[in-house]
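Each of the next two complexes has chain A plus one other chain: chain B in the first, chain C in the second.
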Partner chain A sequence: MSAVFENVTCKFCGCLCDDIAVEVEDRRILKAKRACPNGLGMFLNYDPTLQSPLVEGKEVEWDEAVSAAADILSRADSPLIYGLSSTSSEAQRKAVELADRLGAIIDSTSSVCHFPTTLGFQMVGGAACTLGEVKARADLLIFWGCNPMEAHMRHFTRYSANAKGFLTPNGRRDRTVVVVDVRPTKTAKTADRFLQIEPGTDYEVLTSLRALIKGKDINEPVGGLPSEQIKELVQMMKTCRYGVAFFGMGLTMTAGRGYNVAEIFALGAELNQYTRFFAMPMRGHGNVAGADQVITWLSGYPAAVSFARGYPQFGPGEFTSVDVLARRETDAALIIASDPMAHFPRKAAEHLERIPAILMAPVTNCSSQVANVILPTACYGIDAPGTAYRMDNVPIRLRSVMQKVRPTDEEMLMRIMEAVKQ
Partner chain B sequence: MGNLFSLITGRTIGQADGLHKGAGSEAHLKATALVQICQEDMNRLGIKEGDIVRIRSNAGQVEAPALKGDLPTGILFIPMGPTANELVETDTLGTGMPPFKGLRVEVERI
Partner chain C sequence: MIGIIGGRVFDPMNGINGTIQDIWIKGGKIVSQEEVDPQKARRIDASGQVVMPGGVDLHSHISGAKANAGRKLCPEDSRRLIRARTGFFRSGSGYTVPSTHLTGYLYAEMGYTTVMEAASAPLVARHTHEELQDIPIIDKGVLITMGNNHFIMKCIQNGEMEKARDYVAWLLEASKGFGIKIVNPGGVENWKYGKNVQNLEDEVIGFGVTPRRILSALARIREELKLPHPPHIHGLSLGRSGNADITVETIKSMEGIDAHFCHIQFMSYGGKPGEFPKSAAVKVAQAVTENPHITVDVGQVLFGPATTMTSDAPFEFSLSRKIGAKWVNNDLESESGGGVVPLTYKRNDPVHSTMWSIGLELFLLIEDPWRVYLTTDHPNAGPFSGYPEVIRMLMDRDFRAQEFEKIHKKAMKNSILPELNREYTLNEIAIITRAGPAKRLGLKNKGHLGVGADADITVYANLENKAEMFAHPAWVIKDGEVVVRDGKLIREQLGRTLYVSPSYEKAIEKDIRAHFDNSYTVSFENYPIAPEHIGPSEKLTCD
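Moving on to the complex of A and B:
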């Protein structure tokens, strides 16, 4: 007999769509209605059966795996706790506690996606809004260096371009969509205006927009755009009713990184002299925003935090994972709900092969191949409930659609903590 | 050398789908082991779709099939994944973020 669960949250990406209808039979998910292909893949490919933990490739009892993990972490001089973006905020909290106890470095996958957003935000601050407001009010949407049609596939229908809201009853017809990117992405093809800029010129273009808003004049092309086009965009921004600039890794990963983001935050804030305007990062993984939130409550900083001295220290470029690994400054790693072996540059990933590593995750991935201890935990949002933060920093409940038989990340972290104490 | 390009890496639907089948799975490797290049640059370098090209950066080199991409000239696109990771350098300029976009690479037909 199958059962259908309504309003289940998909935690694959930062949209955290909480309207999925999940049909379950015999602890297998048959359907996940309304989920996009990305979310569907997560629901349908997860196998919730209990699996033995592995130590050095051998199946062992959970007690043995926990003590092996605790052993690796307590022996290390400079352990690294990395990942956290697909786990629950409850587990993130335990991870920070463990980092504190071990004197470890803790860093999230933010480090390789929106960490420059943090740096930009620290420089200039920003004006924030929720996706609910965007849906209800926004009549100008700018997507800068991001491609929701492939990475956040329901963003348009649920929250932005096509969503029908209080002051936007006609959905797409009530909104103007502008895309700024270096290539004609799938998202660009759906836009009312596509401004194709030269690669690496985001900073210049953003600064020109700010200059024009401040009343300065520009008469030459910037980033390959004729000045008329830039002026036209400024006019659209100043005269809209409610504008939002969503931005992605086109800003955070290119030259300028945090400085690009500082410009877009400043631009958003300055436009409030004329209208209501906001800038919002398109956060990737389901709970990567939660990792920033939780690590900040507990340590004062969102990522790249070291507890080595007994108090939290923040070090972009110093305690960020790629730097730590590439410089070989860690001698053990606890990887939680992420896959650095698949996503890090080779030179950084290589160090993970050298040092003892523990992987705590619901699925096998590239990092399983280098982990000495593997703890197959439950998948939050499928067989364990929890909390995750949407890209607008609104916490959303992750429901579970079946009885869990696997331990959760939170339970595992508590057990490791106990074992470390002994 | 006229074969200098700026490499951008990014997500694609195929790459995400491959991840669900398991990072490191056949589907994931297949969806990420390719390089997109625009028609004009293909003509200039004498590359046809499906030809294997060698791409080199300061960090390493890879060989991958070329695919026609909707890109400006001088730009290469590789989906995020193991192929791209061979090329990406680890100098983060104090930001934690490696140069996943805008990396200088050299391309040659083999």
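Moving on to the complex of A and C:
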């Protein structure tokens, strides 16, 4: 007999769609209605059966695995706790506590996506709104260096381009969509305007937009765009009712990084003298925004935090995991709900391979191959409930659709904490 | 079992003003002497010391979306105050916006045991509650912003007051809130069109209602639902020169219905809009005095760093443009908005000096201590860790005069502070820092030391320097356990989250569900917060 669970949240990406109908039979998911292909893959591919933890490739009892993990962490002089973007905020809170007790470095996957967004935000601030305001009010949408048609597949229908709200009853027809990118993405094909800029020129283009808004004139092409096109965009931004610029890794991970983001945040803020305008990051993993939130409320800083001195220290470039690893400044790693081996640059990945590592995750991934201890935990949002933060920082409940037999990240972290104390 | 022996007890709720008396504790409550075995009880010698109920703060921004945005925005603030991990206690950082554990530690070390989070939009209340669970020791609650809520404004527009009342009850239950917060009613909605409201008759775009109607509707709903705390109002035109007139008008508009006006220092400016603010403390204090159903907290300015954070999003925008500081804004669907701007109050800034003076003038002019409470609108006018300094200024005229000499000349010229000779007594301090706010919050077991009260007690060494005295209590007892000794934390335990759950007509849920389908991006089913997701809690009855 199958059962259908309504209003289930998909935690695959930062959209956290909470309208999925999940059909379950014999602890297998048969269907995940309304989920996009990305989300569907997560629901259908997860195998919730109990798996033995592995220590050095050998199946062991949980107690043994926990003490092996605790052993690695307590022996280390400079342990790194990394990941957190696909676990629950409850588990994230425990991870920060563990880092505090160990004197470890803690960092989220933002190290390879939106950490520059944090730096830009700390420079100039940022004006944002919730996705429901985008749906209800936005008549101008700019997608800058991001590709929601492939990475956040339901963003358009649930929140932005095609959504219908009280000031946008006709959905797509009530909005203008602009895409700025270095190549014609799938998203660019759906746009009313596609501005293809030369790679590495985001900063120049953004600065020109700000200059024009400030009343300066520009008569030469910038980033490969004729000045008329830039002026037209400025005009659209100044005269819209409620404009939102979403940006992705095309802005945060290319030349300029945090400065690009500071520029787009400053642009958004300045436009508020004419109309309402916002600049917002397209956060990738389901709860990467939560990792920022949790690490911030517990330590004062959102990522790249070291507790080595006994108190939290913030070190962009210093305690960001990629840098810590590339400089070989850590001697053990606890990887939670993420896959650094798949995403880290070679030098960082090589060091991760060299040091003892623990992987706590519901599925096998590239990092499983280098982990000395593997703890196959439950998948929040499928067989464990919890809380996650959407890309606009709205907290959303993750439901469980079946009784769990695996331990959760939270439980594992608590057990490791106990073992470390002894 | 604990006995606090021989201290001078200040328990204004029970009319005890400095008499030497013993206090007995059993099972986390205050009990009569007969109920304890004096041989077995631990005896705390309080002779020569001052005994008060634990401090109660009814307006402080310590958690949730805005506070955390403030932390994230300003690593420079986190570096101003750091605390290392010691044994069982967690590390933390943050001077104006301390991290969660540090917030609990600092309040407890200052003798405060109950704190009300001043504002959370219901949509993000789940976040607020997550943070509150990580603030140890103190009890806390959350005021829920409703002054720009679409469902409520629609009901008012259609004259459906019962529906509005049922919705408010539903919303408080769903968000595990403690009371109704109103921030710039209608102004935050208008801000979504780049506008604001300037007076009580301005129209809220798209709803055909006015700030006046929103205020009076919510005040009446509070009465009907018998909520322990009246509507907690942050009025119109905060921070603007000349806003005292609208503040007085808003106070009068309550027409005899209970209301609390928060951080009125920010609402008591004379002069013309855009020009230098003059003190209108006399005018506002008089309005408070003449309207006995009104209470206020001050929002005293402290010189030094602050972080402004409020649901009054248009205010934050204009502040950031005025001072050129970094600006955070968040518009929240169907409900609210908010902003954050860091700011340093300086003595050599005539406006800041004037604000400082206005706060003290209000404290000294409002004669009834039961109707004015000590706050700094933490961290808007300064961090709560500055309360002891404010207490010293209220109790010590000479110290106040000395501090007055340091402010900007232009502010001095306009100030009546030197003419105000009043000095607060210890009993009055006990009122404005615990008995008064507890009573106004409707917390029957807090703010006093009578039999049956929660055993939240602070014992102070009776020092000449009142700032020293109130900064480092000798003993702090929370729920009957000693948590602080000689100003140092010695025990960590969890506090409770206080919330209300008034009853309502379940039929309303059909309408709310339809509203969700049209206006929200979160489903109706996933919106309410279950009681088991807020940690240790206490449901207050509405009667």
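Going forward, the second predicted complex is superposed on the first by the 422 of 422 C-alpha atoms of A that agree within 3 Å, B and C clash if a C-alpha of one lies under 4 Å from a C-alpha of the other, contacts with A are read in each partner's own complex, and residues count from 1 in each chain.
Quick note on the criterion: contacts are C-beta pairs under 8 Å (C-beta built on N, C-alpha and C of every residue); 3 or more make two chains touch, one makes a residue touch a chain.
Small disclaimer: the values here were computed from a predicted structure and weren't measured.
In the model built by aligning both structures on chain A, chain B fits alongside chain C without clashing. Of the two partner chains placed by superposition, only chain C is touched by A:P302; chain B is not. Residue contacts after overlaying the shared chain place A:D71 against neither chain B nor chain C. Once the two complexes are overlaid on the shared chain, A:T130 sits against chain C while remaining clear of chain B.
Of the two partner chains, chain B is the only one touched by A:A342; chain C is not. Once the two complexes are overlaid on the shared chain, A:D139 sits clear of chain B and of chain C alike. Of the two partner chains placed by superposition, only chain C is touched by A:Q273; chain B is not.
The superposition-derived angle at chain A (between chain B and chain C) is 160°, Cα centres, a multiple of 10. Between chain B and chain C, the shortest distance over C-alpha atoms in the superposed arrangement works out to 15 Å.
Only residues 63, 65, 67-68, 71-75, 77-79, 82-85, 90-94, 98-101, 123-124, 126-127, 130-131, 134, 192-194, 317, 320-321, 325-334, 340-341, 518-523, 525-526, 533 of chain C touch chain A when the two sit together in their complex. Across the interface of their complex, chain A is touched by residues 6, 8, 10-13, 16-17, 19-24, 28, 59-60, 69-72, 74-75, 77, 80-82, 85-86, 88-90, 92-102 of chain B. The part of chain A that touches chain B in the complex is made up of residues 37-38, 41-42, 44-45, 107, 111-112, 115-116, 119, 147, 150-151, 182-184, 196, 198-200, 249-250, 252-255, 257-258, 303-304, 316-318, 320-323, 325-326, 339, 341-349, 363-367, 369. Interface residues of chain A facing chain C in the complex, by the touch rule stated above, are 6-7, 9, 18-19, 89, 93, 97, 100-101, 103, 118, 121-133, 135-137, 158-159, 165-166, 241-242, 269, 272-273, 275-276, 278, 292-294, 296-302, 307, 309-312, 314, 387, 389, 393-397, 399.
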